[in-house]
Amino acid sequence: MGAFLALGLFQGAVYGLLAVGIVLVYKAKRVFNFAQGEFGGVAAFTAYAIVVGTGLPYWAGVLGGLAAAVATGLIVERAIVRPLESSSRTIMLVALVGVALFTIAIIVLVGQPIPRVMPPLVDGGGVNILGAGILPQQLILMAVLAVLAAAMAWFFKTDLGLAVLASSQDTRAAQVVGISPIAVSRLVWGMAALLGGIAGLLYAPVGIFTPGFMTLTMLVPAFAAAVLGGMTSLPGAFIGGLAIGVVQNLGIYYLGQQLKVPGAAELGVFALLMLVLLIRPQGLLGGAN
Amino acid sequence: MATATMVLTRVKVQRRFGLALRVTAVIALLALAALPLLLGGDVWAQRISRAAIYAVIGLSINTLTGHAGQISLGHQAFVGIGAFAAAFTASRLGAPLGFGLAAAAAAGALTAAVIGLVALRVTGLYLALVTLAFGLTAETTIFNWREFTGGGAGALAPRPTLLASDHAFALLCLGVLALVLYLDWRLVSTKTGRALTALRNNERIAATLGVNTTGYKLAAFSLSGLIAGLAGGLFAHWNQIVQAMDFEFQVALVWVLMTVVGGLRSRLGVILASALFALLPLTLPNFLSSLPWQPPFLNEAVYHVLPPFIVVVMLLIVLRCFPGGFGQLLRPATRWLSTGSARTPRTGTGGRT
Amino acid sequence: MKRRHMLKVDRLMLRFGGLQVLDGLSLTVREGQIVGLIGPNGAGKTSCFNCLTGIYQPQSGTVHFDGRDVSHLPTHRRARLGMARTWQNLGVIDTLTVTENVMLAGHQRTGYAALAGMLGLPGTWHRERELQRDAAEIIEYFGLDAVAHERTGELPYGIRKTCDMAMALATDPKMLLLDEPASGLSPEEALGLATTLRELRDRLKLTILMIEHHVPLVAEACDHVYVLNFGQLLTEGPPADIQRHPEVIAAYLGGTAAETPEPPEWPLKPEGADHGTA
């Protein structure tokens, strides 16, 4: 029981990290970014190719991975998001779903659909927390998540962050006061891709990873986390991520292990998502923002 | 006076000739489409069944997204539930195929109606998220319920002797497709079509004109689920075994992309795109590996992951260059076939100008 | 002679967050009357319409329509009882043609079930043709024949506005709620509208409640006028009295009656906040 709680918290940290990126894009562009997970996928595979494939040092892999993620983000912004700016949000959503599938297809084409193991950032055995073996990698992940969520929350208080928000509210007004909407768009997608890249790099070494690993298992819980946090709150996304992780693992514990319900983790996330949307659509931490 | 009569006669003759030409063209196209079924043997009969099933799924998504303007990223749940319901009815209850298909349709409609209830409260992007999460949950929970679906081993869905041959089954699939096409055509040409168009554009205006927006939204979900369940039932008997892994959530995403590529609200476009997406994974790898020259970096394994890649490239091209999808590209042709004039007609619903 | 009430609104209260949009509004429209609802921008006129048609649910107050309490009926049920409305930014569906729009407005009179139509049951084909004929008749009355098969989205504003009116009539209403029917019309056309409205009222036995800024039209067409300000009733009476009412002039113009030799056209700016379609 305690072990499930601990596992849930650390699993939730990854959801939180993805959710922070999702919230960033939503706050700035009012778009659900279904490609967020694949920024992590690109980063993880690039880093793997550099570290395991060419034998370069780990930091080179990390830098390469993040650079690849950011490049992907900027390409998506230029090639998909900006040309479709004026179309409906549903079309934008379908396009971003397309981007996610496209990226997975590219990764499969280039890298073959085989499972891989990424060496962790820090070697060493697990730490026992509440009876669960937690890897040092996961501790780092949790710390990075906390720092990034705080940094993002701070970012939206700076002049630049306020400019991003202003341009999301009213593009023309923002233009009048000298904010280029194109620059803002690039900035937002670059940052979102960076966050996704970090999530992918930190999560890949926790287990075995395959093409699409970030989208197939992580994306829906991450969105649930963002919704739980109210979709516009960065601390909300952080806490929502942890909550989703815990609920998922409690679901596995109670439903899966005790009642033998298949797919207990997904069921838990779905139930929580429905509960939030039907009872408190503004999220647990969402306010008038 | 006489000249006027002559001109009139000539116009009439021209019109009759044009009509005959158009009818011939339609028949020729249908015959061309039927060729693989007649000459292609069992392999092509199977492929045509699959294409027809995909087309039914595409029309189901078109009902919801195209007509009612609601998005579903979890359509594999409706199709899957239909498939398992049909398999359950066939193998556990031993009921005839008709009952199985009816059960599949009912199961799909019921599930979709429940999601429709959610859609009354949750709209837009959030609805997309809910349906996505629902599809995922259905995939891992319902489809792995041993008592209902046979767990990982899958559920058997044997065909009755009458439909045992692939050709007979292909005819059944085409028959169902024709039925769904008819429903869609009548839907669009009667009050339901107008009500859904109003609903899609502006719910408040629709309501003040007397349209029961709640009812129509639920009806659209149920109908879409019904058609999806029916397609699922056909799929079960096509494959003769149903497994949870047939309904992974990427599948639903690809279906949505395929409907958009075909062109929302374009029956022909949706059918063509669906058929293409259904056949690509079956035909493309064989075709590429039979080429005399093999590109050095491509191999058998890569050919199998090419189709989704092509699908997405097509989607991105469609969204950027012709948002109306195949339907938009085909419009001059379909317009000529239906009215005899390739240019934009002044007639909207078929009234005379 | 006192005719019976067609519409009776009693103490409507509507709040959005901290904003009191309607503050105890009561008004009565008798059968066969043409009643004006005027007031400065933001006075709550369109919000009032939205409460009458059931798009907004007021916090308290009742709406009686044709002798029935409709306060808790959904919008489409009120429409079926005979309440039709036009919209400030037009109630036409842009992707449909004019004919299709008018047929859409005939939704509640189709006389067949949605399912029957989808299955293509025998009666429905015939009924569709009849609906088309009815629509053609209405379209002809409004002089829209030339554009009957054009998509409304591609037509100029004035024509779309006429189409909106045609749609309201195609619902076969007992009462019309018109939201600024004269906006976008020239002063002469606006005055002509007064004749049209009276003719419609007499021919179709309609009751009309309209929001309008155009004073000559209100003066010409209306039997009775309600003036709204800050969600409350400022005053009411026959149009001639209202035009001279000092408080009305103050609320609209911030000036005095002496300075205005001729009733001016009041600002035609739309009240965007009151009526969003999103």
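Each chain gets a letter, A, B and C, in the order it is written, and its residues are counted from 1.
What we mean here is this: a contact is a pair of C-beta atoms (placed from the backbone, for glycine too) under 8 Å apart; a residue touches a chain by one contact, two chains touch by 3 or more.
As the structure is a prediction and not an experimental result, all values here were calculated from the model.
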item	value
Count of contact steps on the shortest path from chain A to chain C	2
Chain closest to the middle, measuring from C-alpha centroids that were averaged per chain	B
Longest centre-to-centre distance from chain A, chain (CA-based)	C
Whole-Å gap separating chain A and chain C, where each centre is the average of the chain's CA atoms	49
Between chain B and chain A, distance of the C-alpha-averaged centres to the nearest whole Å	33
Computed distance of Cα centres, chain C from chain B, in Å	41
Junction residues of chain A - those touching two or more other chains	none
Residue ranges of chain A touching chain B (in the complex, touch as defined)	32, 79-80, 83-84, 87, 89-91, 93-95, 97-99, 101-102, 104-106, 108-109, 112-113, 212, 216, 220, 223-224, 227, 261-267, 269-270, 273-274, 277-278, 281
In the complex with chain B, residue positions of chain C that touch it	53-55, 74-76, 79-80, 84-85, 87, 91-97, 99-100, 103-105, 107-108, 110, 112, 114, 117-120, 124, 128, 132, 136, 148-151, 167, 171, 277
Touch list for chain B against partner chain A, complex	65, 69, 71, 73, 118, 121-122, 124-126, 128-130, 132-134, 136-137, 139-141, 144-146, 249-250, 253-254, 256-257, 260, 301-302, 305-306, 308-309, 311-313, 315-316, 319-320, 323
Chain B residues touching chain C - in the complex, by the definition given at the top	182-183, 186-187, 189-192, 194-195, 197-198, 201-202, 204-205, 207-214, 216, 219, 345-349, 351, 353
